[in-house]
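Naming follows writing order (A, B, C, D, E and F), and every chain is counted from residue 1.
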Amino acid sequence: MFHHSAKLQYPVKVDKPNPEFAMLLQQAIGGIEGEIRVAMQYFFQAMGARGDDRIRDMLMSTATEELSHIEMLGHAVALNLEGAPVSYQEATAKDPVMNAILGGANPRHLLSSGLSAMPVNANGVPFDMSHVYATGNIGADMLANATAEAGGRVLASRLYNWTDDHGMKDFLSFLIARDTYHQQQWLAVIEEMGGMKSQLPIPNSTPEDHENMQHSYYYLNTLLDKEAPKGRWAEGPSLAWISHSTSASTALRL
Amino acid sequence: MFHHSAKLQYPVKVDKPNPEFAMLLQQAIGGIEGEIRVAMQYFFQAMGARGDDRIRDMLMSTATEELSHIEMLGHAVALNLEGAPVSYQEATAKDPVMNAILGGANPRHLLSSGLSAMPVNANGVPFDMSHVYATGNIGADMLANATAEAGGRVLASRLYNWTDDHGMKDFLSFLIARDTYHQQQWLAVIEEMGGMKSQLPIPNSTPEDHENMQHSYYYLNTLLDKEAPKGRWAEGPSLAWISHSTSASTALRL
Amino acid sequence: MFHHSAKLQYPVKVDKPNPEFAMLLQQAIGGIEGEIRVAMQYFFQAMGARGDDRIRDMLMSTATEELSHIEMLGHAVALNLEGAPVSYQEATAKDPVMNAILGGANPRHLLSSGLSAMPVNANGVPFDMSHVYATGNIGADMLANATAEAGGRVLASRLYNWTDDHGMKDFLSFLIARDTYHQQQWLAVIEEMGGMKSQLPIPNSTPEDHENMQHSYYYLNTLLDKEAPKGRWAEGPSLAWISHSTSASTALRL
Amino acid sequence: MFHHSAKLQYPVKVDKPNPEFAMLLQQAIGGIEGEIRVAMQYFFQAMGARGDDRIRDMLMSTATEELSHIEMLGHAVALNLEGAPVSYQEATAKDPVMNAILGGANPRHLLSSGLSAMPVNANGVPFDMSHVYATGNIGADMLANATAEAGGRVLASRLYNWTDDHGMKDFLSFLIARDTYHQQQWLAVIEEMGGMKSQLPIPNSTPEDHENMQHSYYYLNTLLDKEAPKGRWAEGPSLAWISHSTSASTALRL
Amino acid sequence: MFHHSAKLQYPVKVDKPNPEFAMLLQQAIGGIEGEIRVAMQYFFQAMGARGDDRIRDMLMSTATEELSHIEMLGHAVALNLEGAPVSYQEATAKDPVMNAILGGANPRHLLSSGLSAMPVNANGVPFDMSHVYATGNIGADMLANATAEAGGRVLASRLYNWTDDHGMKDFLSFLIARDTYHQQQWLAVIEEMGGMKSQLPIPNSTPEDHENMQHSYYYLNTLLDKEAPKGRWAEGPSLAWISHSTSASTALRL
Amino acid sequence: MFHHSAKLQYPVKVDKPNPEFAMLLQQAIGGIEGEIRVAMQYFFQAMGARGDDRIRDMLMSTATEELSHIEMLGHAVALNLEGAPVSYQEATAKDPVMNAILGGANPRHLLSSGLSAMPVNANGVPFDMSHVYATGNIGADMLANATAEAGGRVLASRLYNWTDDHGMKDFLSFLIARDTYHQQQWLAVIEEMGGMKSQLPIPNSTPEDHENMQHSYYYLNTLLDKEAPKGRWAEGPSLAWISHSTSASTALRL
């Protein structure tokens, strides 16, 4: 079961509130690159984990950490909305140009949430849980997790660039760091299981006779007027472990 | 920040796994009456709470409890899927009637999740976060919370009726009990704030001159061939506190 | 069956069209706090009502009134979009600052709807019907309805603050008034049925032996470093009617 | 504004309740071919209509009729769910085959709605309002309406085939008839405006110099190994009115 | 199967990048009037087509063309985002007014997509595939296709008006032209099959005894205080072919 | 631009049509593990690709191949629906047990699509385009692509197990093979760029001073009553390239 303690995982400060940045931060809460997604993805993977206890524990432990990231971001959004105008009078006092009184803010921060974070992305689209990727196959799920953390760190880095607020930059530098670690954490599970080669093709338990192997090792070029691009995908040994993996990849046109 | 301990909040046992009941239980995870919803609703309300610390703490504390409810339900779904057929051979061995080999299960439990819970409802529709109701107005939010717990207890009671598994009935009797308490918990906040009458109309901070009070106290009958139904809604003193609340409600036809 | 008459329920005037306010008004049409939601919620509850005729009639009658509210809001949006620019030339004539030619408007009012209302919220997200709460349990449904009207009045009050247009203020003061009444209307149904205490816990028909009553009357504190907040939720008699309700609520740490 | 009278537009009877047919009927309520869609589509088109009063009145009048269709279907669903099992005991009494106790019903009719209609389709997916097509262009909107009625009559005809209940067949024969009329009603508007030729291309107000007319009258064959199919689309005069419409259509390969 | 060649179907140039126009163009990619929709609609109709080979080929061929339209629009969006600011410093250098640094752009073009097109509309709402209309009935599907092309041309015409960029105007004039043709292409299928009259009512295969013909030919006036509007919908011969179609339409009040 | 040729990429045969398997196959079309997703994901990545031409060509080429996979699956669904009952009479002739006449099929295959494929998953939920992952960062996008192919092969392997139809097994063995290759294709891009270590942390362009490196290399244990699991994630050198990557990972409790 879950518990809560009062201190944030990392202190969150905002030097100068900025409703537009509050809107941008929403992407890190309710976007597909955001923290609700990883928290719920690891949580559901943990609940479904049936094998190695260490993986299940790690999934649950990091799911729990990601919940704390939502919490920090929720504070960051609220702090950026402190003092935001809640009436026409206030808004026009701040921005005498009549036709853009909201000044780039999410209007629902003003109308719907009472100047607080919402589980939506930077366009105001609510997060939907179909983005919780959990197949029950460890290899597939670890790749999905590394992907999510990669997307998360891309986003956090871009948010870092979109603010000049020292408090926010400090906070984002923490999120960037944790995403750095989490990317490696999930890829380390694949290393623990024998490395990527041993896992490919995912799932590595599919019997060989369920696969039409004539079609397993060529790049298909569907471009009518271009040669297949040369590269590792069309030459050299297979990246996968199974017996037929000695065949080189090639390029083919159907 | 959040923490996790290994024991479930309440033990979850299944006497006889039942994939169809696994599908039904999904409503309590990813349905609008379900636990993801209340966990996230209380969490976002807590992050936005700016006033009385007790309310914010209670919101965060109960959000945390609801996360533990998701966890128990995730286990319940997985236990109900133990031994479920994962191939045509297994399924037809169990069910010789060819045209319904899935036997009422959610096909995605078999195809997508590896016999584990998913953040979807009993129809397989993913939960979407637009159902996190959080306005920043305590009166409105407490009503929303009591509503969510009412829906949750209606659902848990119906699930109780749909199983004859002793383990599941025991587990559901716990959820029913917690929903009993939580309904009162949120209504008690309204009592703390002076009672429902003091809160109505919500928000009770709207200035009187923002309201066209001629239209505040009559039942409008839009039925062409029926009298307005008689009852408390059309007679007796107002349920709200404000000065004009001495006027009786009446029925009107426009 | 339904009928229509030409006059609006209340006159809608706009002194000075404002495309940005048209965008904000959309929240009252297609937001979760909006009029499509209440119209459809009461309508579906009415169609499912099997008991007291008065409740069913009231649900259908007020559903019908809410359809008329959508109608008024649709007019309000169209009036606010009168004369809005529909080309780059018009827009830049109004706003010489090149990089914000839309001036805070919803671009789809200009591109998709022909300067008319759409069934979307202030972020342009379409309303989805999962927000029609209707369980068939009167207690749960009346709470859901009071919640919806509370959210509606919070929104209408905030919209009132976001305009200085006399026509719009007058129109919103009418909506605020009707939300005042409707909150009480649904709570009056609970009073008619014997008051909140008689309904709690909802559903009040769940047999006592379906509930593990040891867990029905304590506040669970999941906060590791905070005391349970003191208040009505942790002391005093139960708010519910059933036999065991004499036990006082308490706070507990698991 | 809207009003309501007690009688259904057409009597709805069910000889023998059938929960599976209740699930199928949901497609006619909350499917894209369903009645919520047409009611809301005509309603929003009416609210946006700025030109010919007759069209606006017809849109509002038929929107109102479609609301009455939702109402009839809601009754039809509720009648088909009368006496449906609400517990494991009842269900297994009806169906001794253990692994499909729900017997093809929508589980949420049993768990969520209290044996009543919901605003969802036959898969339980909630209707979302993005399907309200309303561009403000009469030609485009009338085509959209005829399309909706065509889809509606295809569905009603298929539902007719999926039941042997005399009550349901009678009810569906009424819906089929109204869809017959409504298809013609909207196409008659196009006839009123001068016929299809005068409207094409829609919108017929786009200035000729906004169109690269070299590309306006040929069928483009993107199939590498097939001739362009011969037919009216590749020969004969244009179906559109504008000056260049005398050029014949042809087939082309890029 | 599908193939690709390097040249765009029509050249796409942007004279002066404009992030706000990039946002508007998204409606033509991921809006309900957009190209993903028609590509997928024709593709799914083609896969389901069982009758006349010419129709199936045409559906597949034009689906393929529409994929090329998505491709052109994707380039147009990317070109409009060239040089867009990706940091606070860049943005404020361009726009010294602090409170609207994004200047009307879609924030997710900056945060999520790396200055590229996304499958979303102008509000940032992702396209959902429920808008792929395909019933298997040719009459209904051709009307749906003509409707989609009508909506598409309305949108392209409005986009044309919202830019003063010569490159973009040239590109849009091509899309406008193709929509002109495609509207006629699908209506020509109906002409091939004997004309609209022979198809109405859609589906024209519903047996006459499945229809309650008393209700097939009258306009129902649900407006209490207005006469039924006079027009082709209430007088003259039926637009449909079937035997009973000689009866004139009339207006009726229930 | 795109082109089409008549032959399927691989022949699709069904020995014995099975409407229930048609429903399962939908997951491979419209599920998050399905072919619409990869086709659109690679397509949008290709349109946004600004660097190495080989990657852009490969993305476009494989997007095109995935469109051909949708096409094959569409045929597979239609073939499995051949001869499916379209009326109550047919259905009950096949299945005399009254209460499950649809026999596990998707009711919308029968009601909505005319026995054809739809862009929905195995629960009938439409695909939504938010699942097109495309950040513009090659490392992140290649991981996302390998993840998608891993999910796809897990699904295809499970579908293989759920059928005893030789035609379907043969077809699925082809899809399994192509997923084998595509997993390696995208990982080979990472190898081309210098290997995973050179890419980590993704994005590898974030300046070191944007990251709070104290927090970049420890596993955080949020489990109160469990030790941090030992493993590669908590010991050994970093998997990432950057200067600080020599520090070993460790486990920490906050």
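In the analysis below, a residue touches a chain if its C-beta (ideal position, glycine included) is under 8 Å from a C-beta of that chain, and two chains touch if they have at least 3 such contacts.
Only a predicted model underlies this, so the values are computations on that prediction, with no experimental measurement involved.
Student: D-E versus A-B: which has more C-beta pairs touching?
Tutor: D-E
Student: Measuring centre to centre with C-alpha atoms, which chain is farthest from chain C?
Tutor: Between chain C and the rest, the longest centre separation is with F.
Student: Taking each chain's centre as the mean of its CA atoms, how far is chain A from chain D in angstrom?
Tutor: 39
Student: If you average the CA atoms of chain B and of chain F, how far apart do the two points sit, in angstrom?
Tutor: 32
Student: Quick check on chain B: which residues sit in contact with 2+ other chains?
Tutor: Only 1-5, 9, 33, 60-61, 64-65, 68, 97, 100, 112, 120, 123-126, 128, 130, 135, 137, 222-224, 226, 254 qualify.
Student: Which chains are in touch, pair by pair?
Tutor: Every pair of chains in contact is listed here: A-B, A-C, A-E, A-F, B-C, B-D, B-F, C-D, C-E, D-E, D-F, E-F.
Student: Looking at the complex, which residues from chain B come into contact with chain A?
Tutor: Touching chain A: residues 1-5, 7-9, 30, 36, 40, 43-44, 47-48, 50, 60-61, 63-65, 67-68, 70-71, 74-75, 78, 112-120, 126-130, 132, 134-137 of chain B.
Student: For a test of understanding, state which residues of chain C touch chain E in their complex under the given definition.
Tutor: Residues 1-7, 86-89, 91, 97, 99-102, 106-108, 110-112, 120, 123-126.
Student: Taking the complex as given, what residues does chain B use to touch chain D?
Tutor: 20, 23-24, 27, 31, 33, 94-95, 97, 100, 103-104, 121-125, 155, 158-159, 161-164, 222-226, 254
Student: Along chain C, where are the residues that touch chain B in the complex?
Tutor: 3, 9-10, 32-33, 53-55, 57-58, 60-62, 64-65, 68, 125, 128, 130-131, 133, 135, 137, 139-140, 143-144, 146-147, 149-151, 153-154, 157, 160, 169-170, 172-174, 176-181, 183-185, 187-189, 191-192, 196, 200-203, 205-206, 210-224, 226, 228-233, 238-240, 249, 254
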